[in-house]
Structures are given as C-alpha cells and as structure tokens.
C-alpha cells in the first residue's frame, strides 16, 4: 500500500501544536511529511524543513505558492495540515481547497462563522475532506460515551454541565509574562480568547457526546485580569432543542487547573461524567444512583469502542493517541476517496461543519455578552 | 456550671433533621432537652416526649402554648430549636421571640424575605439570639477556609463556582416515589424547592467563606421531572459587589450525586476548593499553580481553626460535629447573655441575618427566572 | 425506660480517647456518666469530675475503691469504661469484673495474651459483658462489607492486603517532640508500640470483615527512628486457615498519612477495598473486573447495614458514630442482661475474645521478628 | 542528519508489545524499521513485513540469518529490537551482540541471571549498547522523582512500599480463558510468571527512583488460581544496603486492578508516592506532613525533568511517550557511538545491568520462597 504524504503550514519550533500533529500522524505511520511552509520567517522555515528532512524544493515561501505547486506536482501531497494562528486558518484552508487538496485544520476553524460557512460550502463544492482537530473527541472514552448515549444508556438527557478551566493566563500574569504573542491580539486570534480557544472544545464535546443541538445561549464573557484585553472567564447558559438545558464555564484564571476539561451529562435513566485529565476513565451512574467506574480497555462492555485503543487497560494512553485516532479516520477516508470507495458514513472525525458550529457558538455567546447577557439564538448568527 | 435546657418544636420520628439537632447538642452535653411539641398529631407528640424522657407537663399541644408556658415557668427553657416544615418557621420563631426565648431554627429561615426581615427586626428589638442552622459552615475546614480568605491568602477574589447537586428526586421518581409530603407542596415548603432547600446553603457558604456580598443574580430555575411541580434544576449567574463574579448550579436530578455540595473560589493569588462530601480536606493552590492538599487537624498551619476539632487528623469528623460547633457558639453566647458578658463579636454561628440573606437570594433568583432570566438586584427584593 | 449509668477510669483532659468515649455514648443518650476516677493526680481527678458534673462522692481516688463502692451502691454504675494507658487495662478490668460490673475497655485489651486470656475467662465465669472498642468496626461500611463477604459476594478469599500507616511519630521527632509519655515506655505501653497500637486494629478488621482465622505470621518489626526504642514500622506476612494469604504494613513513619487504615480483600469472584479515611465509601469489584463505587446510605442494596446509619447518604458520618454504634449494641446487651432477655447472638460489638486475638497476633509477630522473621503459629502463643 | 535504521525480532500481529516499540520509535521519528524477523511462522512473517513496508530481502527467516546478514550489509541496521517470548531473549541478544549490533530488548532480559550476566559481559566486551525496556521509568514523573530523591529532597530513605497488582489472570480464568500461550509455559516464559513479568518492573523502579541497592529478600510466591501452574501472587520483604527496608506485592489476581503499579518511598524528611495509572501526577510530602500534589509539566519546580515532556501540563502523556523517552536516549547514544562522541554518563535508559539486576531479584525471591520464606542474599544468586 502506497504511503500517503502530507504538507504542513505553520508548525515551526515554538508552535506547540504543530509538533503534536506530526507525532499523531507518525504514531501509526499514517502519512509522511514531504512539504511545508513552516514559518513566515524564511530562516526558521528553512531550518525546520531541514530538521524534518523535507527536500528544499518542497519547502515553500508562502502557503499560496505551496497550494499551487503541490496541486500540480506528480508527487503532490495528499492533504495539508494547518497549524497557524487563528487569523490565517481561513485563507490557507481556502487556498488548499481551491487547489483541490484535502485539509486538516486546527481549531478554531476560522475567525468568524461567516468564514467558516464559506469554507464548509467550498469543501462541499470541491468534494474535499475537511477535518477540524478537536483532539479530545478522539479519546477512546469519548467515543465510548458518545455511543453509550446514542444507544439510550442514560435515557433522554435533562441537563449538561461542562467546564474547561485552565490557569495558564493567571499564572503568566502573576509571573509578569503573557500568553504567546498572537493569542491576545484580536487581529490574529480573533475578538475572543477564552471562548474561541476553549469554548469551541466545550461546544464540540457536548455536541459530539450528547447528540444534542444548541438552540440558544445566554453568556457572560468577562475580562478579570486587568492587564488583559480579551475574555478570560466565561459563563454560558444553554438551551438545547428538545428541552435539555446546560451550563458551561470556561476560564483561563482558574489557579490549580492545568487543563481540566470536564463534561457531566445527566439523563432520565443515568448519568455520565468525564474529565480529560483522567481520559482513561469515566463514571457511569444508573437510574438508581449506583456508580460504576469505567476504564478504557477491555472492561465494562465497551467492545464497540475498543477498536480505537492501542494499549490494554491500565497502560496509559493520552492526547497524542486521541489526535492519532482522528487522523486514522481522516487518512482512511482520503484513501477511500482515492480508491473511489468513500461513503459519508465512514467519516469518524470532526468536520468543517463541526468547526463552523463552534464558531456559531462563540459568536452567539459574544453577542449575548455584549448585549447584556440576553438569550441569543444560534441560528441568528451569520450563516 | 448549671446545665442549659432547651425545647424542640417538630422533630418527631420521621423528621430527619430533628434527631440530628438533638445529637449535635448531646455530643458535648451542651444542653438538656426538657420541653417539646414534637408533632401536631397528639399521639406522636406524646410518644416522642416519652422516648426523650420529657416530663408530661412539658410536652405541649401546640407551640403557642409552649412559648407562653415556658416563658413564665421558673424552669423555663433557655432556647428553642425549630425543626418543622418551612411554612411554620416564621410563626413559631415569632412566638418564641415574643415570649423572650432565644431561637435556633433550621434553614430556610422562613417562606419569604418579608417574613425573614420581620424576624430579624424582632430579634433585635427583643435583644434575643437567633441562629439559623446552616450546618456545613460548622465544619472545621469551612472555618479554616473563611479565615484563610479573610487573611488575604488567595488575594482579591475573581470568581466563585459553587454547586449543590443531589439525585434524590430523580431516584425517587424513577422508583415511583416522591420526596416527603410537604416538600413539594408550595403551601408548606414555599414556592421553590431546590432553590430554598439547597440554594440557601450555597448562598450562605459562598458569603461565609468569601466575605463577598451578592449584588445581583440572573437565574434559570427549571422543572425537569415532568411529574414534579417545583424547580429541580437551577442555574444562577452572580455579580458580587467589588467586581467578582460567580456561577451556581443547584440540582435534585443529578444522578450519582448524593449530596455533592462544592465550592471553588479563585482569587488573584490562589484558589481554594472544598467539597462537603470530603469535609476533612480542601485544596489550596498558590499563585504559581502549586497545589496543596490540606487536611483537617494539625497540619498546614491551620492552628487558627483547630479549636473547632474534636479528633486528630485522619479520625473522621462529619455533619454532626459541624452542627455541634454551631451549637457550641450559640450556647456559649446564651450563657454570656445570662451572665451579662455577651458582646456581638462572640457570635460564631449563622444568624437570622444570614437566614434573611438566603431568602433574599432565593426571591431574587425566582423573580429573575420568572421574568425571562434577567438580572435582578438583591436589594430590590422585599426588605 | 430507665437511663443506664456508667463510670469512667482515665479520661482526664489530655487523654484523647476518654472524651471520645463520652461523646459516643452521649450522641444517642445511651447512658449517663455518674462516677469516675479520671486521673491518679487528685487535683486533676477532682477538676474533671466537676466539669463532668459528677457528684463528689462518686469521684474516686483509685479504681479499686471505685469498683468496690459502685458494686455495693444502690445507684451503682451499669458498666465501666476503661481509657487508661495500656498497662493498667488488665488490673482495672479485673477489678471491675470481680466486682460484677460490665466492662468496656479501649484497645489493646492488655499487655500480654496471658493477661487477655485471664480476662476472657473471668468475664465468662462472671457472665459479664466485655467490649473492646475497636472503633473502626462500628462504621456502617465496615458492617456492610463484613456481611457482603459472609454472604459470598466475592467468593472464597484468596489474599488480603491491609495497611495502617500514620506519620505522627516521624513528624513529632522531626519537630523535636515525642508521642505522649507513656506510649514509648514499655513499662506502660507494652513491649511494642506500632504493633499494639495499630496492628491490633489491622488484625481485628481483617478478622471481622473476612471471617478468616490467622494460622501463622512472619513479621519484621523495625525501629527506623534512631531516637526511638520501640517498633515504628512493621511488615507482616500472614497465612490464614483455609489457604488464604495476607500481607500487612503498619507504620508510624509514613509521612503524608494521618491515619490511612486500609483493607483490600481479593476473592475468587470479586474484591472489596475500604479506607477508613473515606469511611463513607468502599469499592466493590465483580469477577469480570467491573468496579462499583459504593456509598453508605440508601444505595447499592445495602439495606442490611442501613440500620447502623444516622444520616442519609452524602451527609458525612465519622469516627464518633462508629464508636457509638458499638456502644449501642453494648448497652442494648446490658439492658437485655438486666431484663433477662439476653442471648449471645445479640452481641454486635468486639468482645474480650477479639481483644485477646489482637494480643495473640501481636505476640506472634513480636516473636517472629525477634527470632529472625520466621513463621510463628498463632496457637503457639501463650493462651 | 542521516536517519537511523533498526530491525525487529518478534512483533507480529498478536504481540502486544512489538507494535508499541514501533510506535514509540515512530513518535519522534527516531529511526526507521528496515529489517525484521517477525514470526517463526513464515506466512505471518512475510505478511507483517509487507504491512510494515519492509523490503523482501530484509525479511529474514530466522534471527541468526538476520544478525549475520545485517552485520555485513552496507545498509545494515543500527540496532535491533527484541520483542519475543522470554525464552528467546538470550540467544537472540547474544547473536546480535556477536554480530556487532546494538540491542534493545524487552524485559525480562533473559530466563536466568546466569544468562543475563553473560549478556552483560558480552555487551561490555563488544562495546555495544544494550537497553532493556523498563518502560515506566521513561515517564517524566519517574525521572523527576529519581532526581528529587538523588538531590536529598526527602532525606535518607527509611522504607519503600511497592506493589504491582493486575487482575488479568483472575479475569481470564473466571471467563474460562488463559493468558497468551507462552506466558504460563515455564519452557518459554521461565519458572516464574508474576515475579518475572511484573516483579522485575518493581525491582527496577525501586532501584531507579530510590538509588538504593537490595541486599537481601524474603519472598512468598504463591499460586492461588488452582488451574494455574506458576506464581500469581507474590509477597516480598526487602532489606536494602544502608538499612532501609521494603515490602512488595505483585499480583495477577487482584480483581479491580488493571495495571496499578505504585511506589511509595518514605524518607526522614519527606515522602513520595507515584502510581503509573496516574502517571502525570505524584504526591510529595514534606517533613511536617504537608502534602503537595505534583503534576507533570511546568509546575512545582521540576525544571530538571521538563526536557522529557512533549505536551504542556494537563495534556495527557502516557506509556508510549515513556517508552519513546527511553528510545530517545538510546538512539542519541548510538549516534554518539557512531560519531565517536559517546561517554558513559550519556546513558539515560535502563541497561543490560539493570536487566540483570531484575533477574537476580527474581531468582533470589524464587529461592527464598522454595526454601520456606527465608532471607536470601542477592549476591548469593548466580552471577
């Protein structure tokens, strides 16, 4: 079987996420990195390319050149991975779609729902695959939970609590530092920080696990660190279609929390609780209140999700395995596209539509907050 | 030293809380139960009195008679404990205050803030002590946290997350049962259930631990169990005076949660997390994000709160010790009143004013929810 | 119903455990303290008696006088509680038994198995009740576990891991202090410290929960703190009758552990894990490895043990409730003795025989350790 | 920089560990797999080679042929990875050492200490690198702990508790199955199962983290599952040089434990507790008993170990990252050997000597158990 090849835009040293995408793809040797435009600084770009053993002719000065060249080469890449600051996701993704190349893009998909919507349409027109790497949904336990709920295990959902507290921003400011340059610059990162960086994960996980659709939100997005300019602590009330409710907390000032992304889902016949910091486990409660500690691996009847696991129970898997699970489906779909065997139900990764839903959520929250914490319909957001 | 004596209104077998008040007072032999009106059903009243070794002449047919008789007897009780359904807290407390007898009353203080305000004024006029038994604030760790925050340990508070999930109601309805009769009857329990039963605890703990004052609330009080008639799942957004924010969740439908009352307080220089189900512990994080596991007892420099402890670290204390700590201060104040040595700073228990604050919080939440989840100032509530 | 009365030997201020026995008895008003010999220092004795409202004539100068006087008085005590240093348990218990008075004695029962055996025989001859307060076995969860195992829930037991680490001694020596005077004095506390103070709890809990009988032990009792003279860190290998094995660790030098008494019992069809620091919970695993988090209260089908609970699930109970549960059975048996309705199956507290088993365990361990960590049969110990 | 290449012996589908070694090496693209002898079954061997994109000429029928051929080819492998059943570790490693090829071998190193000793001498003579993949010691937290202890953070060590409970064997027999064929066959797996499979990890982790040297052991190795023939539940008492003591439990019958490998190290000035199932965390207690929750990542001053981390705190790393950390050092040492810049202090992975120490530990335990649970000096074992 021929190896797939891919290119990367962004991901020079200093980029946290670029290296992780490469590792996630390496893990099971899903594709080979053969092209890239790793930095807008030429020297950084060239050095990174060398380190990654990219041939000089496939190290591009800018993404436009790269999209053009790769689309016309015999040995052109099968897909591109976009790991740049938020502001450039949209133009880069657009360029590669227009060049007929499948796209994997880090979240958030773009700066605005309008941009996201355009990308969704373009991908559809071009019949190209588009993955947005909401990494946490690749965890075996996340897959398992999504299926348990779909199967009716906890009955009709009544309420959903989700939170994503981090303390990075509080700690940085306490130590007289700041987050990476572009993150607090609205021109590069967008008009929200906490909401777009973490809130999109919350929206995606809730949607993916519960299969519910958000109807409207009421949000309070605050800037609690005086030296900051964007939101760092957000509250969101949610109404889902069908009557369920939800409450989300998203924060960058929660001292003591490295990355405590949690979801708790309460149904009529049971509940499920999951914390990504203990991603090997979740808690399943039945209608009588009996609590079961579930573990990834060959226990608790999770046969249906075990295909995502690499290691037996108790041998810890983590973030990279989760991301790799997304890429495993994405690359399998690309191969199927190339073979002509693709069908939509194969897609087992977050798509451009999921990315767009995240942007709509963020925009609705932002509007609600600005207009005095009123209810805003998701559908009222630019589409 | 002469033994104090007390009387009880309510607390016949079947009342969960009456027996606990007696145990909490017994624990350190703070006072002797000598009078009571335990039930409106005469036979139950008499049987309970016998079991509790109350002399027949001090077993009263109704609380009015009891207040009158005890206030005029030589051997009249030093204080009364009110453990009846919510609806009667107000008239009973009023009767005993008017009779010149100190009052300990279970929460919520009354059905309305108006009633509560009247009781506050009456207690002040009569110069009588009035305790509302917000039991959880008697925990050694709760005392410790309150003092740590007062001392500036975590700096200025930015945000406060509190939740009080239970699953009793979901489980009862799943098993085709219902909570105790009066609890879902608005005529006896009041116009809210979850808010008044659990929300008052949240408000009190947040106020007691953080020393912040709530300015306004935005609430969404829902009835998720179709067979129910009162709120069983509530969300509250909070703004405190001085700029801090908060978010509360209060629920009776959270399958898997017996009584998971938690508070997490995030300041500029640290954070504190406390869960009443693990009341021997709390977590203290410093400004750099280092996490310390604090334990009740002789560790972590909590000398200041150790006077409340009965047992060394690792020997578990619980709910009854917490309640007993409230009664220890209450009875010490009564003795001081009797000796003429009382001064207001002695008061180390939740007062009628704390009870009133709880009612104001509930009323503001109720109004907010009814009017479409809008902000309601606490001061706008009947005072 | 007439109130029972009791006397106490030991328990002046400064005694940790004396006050706890009084509180445990107070909690449900099981008996009234009417007599005592609280200290060998007359002034302390008299002051304590006053504080506890003991009439001067029932405050005795020594236990011999007390036993004699109380046995002949009309208003003599129904039972005595012995809370003195280990060395005097034996003579005091003997004196009261000889005086015809029921005995509750703190653990360890005596200094030697020989003494314990004599007490056992004497109690039997005199037909008196004798409780040894292994407090932890009064926890609702401990009762529940004992019954689950008896009912075959986890099948035939294969192996039992138990540990009781504390850090008090390490901390005291690090702070240039020492444990309470008598504890490290072999003349008062006995020839072992850690083994007799904590090891007896381990032996009792294992026996009570598993219903297994220890056949032989191989122990290594070490003194790791150079300034100390008695054992502070003990390892024990165990063989039970019927083929099960066990391994115990008992320590006073385990920095970080306040009182982390744990038991883990592995059977053919399941396992149970219990930690007294989280005494409201335990873990039950089935034969397929599925893990259930069990909580005291009305969950998980523990109906059979719920009679021991005072509070609903999630409302924390602790050490004093556990001790009170022992006293509830002990005083019920005393009443039955007085009424002539007593039968042996009523006994639901640790007896003098349990106390003797603890001493035999300690002696066998001590001998094993001294003779080079060889196997020592329990039956070979003085009986 | 030229890519390193490696070959693999063993690791056909069905081998749990072979795939993990490949993933760990892939993760950071440390080397390329170019040769292999994946199975003794020719068809399996060839199929695996194809799947892994090995050229047919480098797919060997047996390891002898592979060692010979690869040592003489221009494009010969830089190192071999041995992931076969225990019995063949020794002959395969010997063949590759004799062929002048560096070796990475799964644990246990061999069947006997005598074999291990021979391999150690051979590697030394040939000046070849030899890694034994005790994976858990590659965790960032494990590195951190080892350094903290070396730096004196917890003072002189007093006692070490380690346990490695699994339940796989109990569950398999309960479900009428068995562990992988060779594991319970003494001819292929060796004369112990639990001791060699898990006990070697315990010995290695204790040695690596504490820097203590075991002087003697007293062991009790039992077969609790009647249908089994090798040990499935082992107890070990340990004396270290310098006076510290230890106690280990190693089990395959501990229902509820997937892979709960834990170490607790108690020193004069503090303690450290680590559980591989929560490998992102550990607990550090100071001399006063204050407990700190330490997290992998940029917290708690662990700067010295942060070079091993790939992801920021709270983004979970696991087993594969740990194994990859071992390979990172191993391949760096190979490059240095090739460049002539190697020096022994570079070695930051478990070596053949560590593997040999594991075998000596197992043999001493086995002898102790057979001879009636007596003390056996480690040095008395074949060397």
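A, B, C and D are the chain letters, set down in written order, and residue numbers restart from 1 in every chain.
We adopt the following convention: a residue touches a chain if its C-beta (ideal position, glycine included) is under 8 Å from a C-beta of that chain, and two chains touch if they have at least 3 such contacts.
All values reported here derive from a predicted model rather than from experimental measurement.
More C-beta pairs touch across one of B-D and A-D than the other; that pair is A-D.
Chain centres here are C-alpha means, and the one lying farthest from chain B is D.
Chain C and chain D have centres, each the mean of its CA atoms, that are 44 Å apart. We define each chain's centre as the mean of its Cα atoms; on that basis chain A and chain D are separated by 35 Å.
Distance between chain centres (mean CA atoms), chain B to chain D: 56 Å. Those residues of chain C in touch with two or more other chains are numbered 258, 283, 288-289, 291, 295, 299. On the chain A side of its complex with chain D, the touching residues are 3, 16, 19-20, 23, 26-29, 53, 166, 257-260, 276-280, 295, 297, 299, 310-321. Across the complex, chain C is touched by residues 283, 288-293, 295, 299-300 of chain A.
On chain B, the positions that touch chain A within their shared complex are 154, 158-159, 161, 163, 167, 170-171, 174-175, 218, 220, 222, 224, 233, 235, 237, 245, 247, 249, 251, 253-256, 258, 264, 266-271, 273, 283, 285-289, 291, 372-373, 375.
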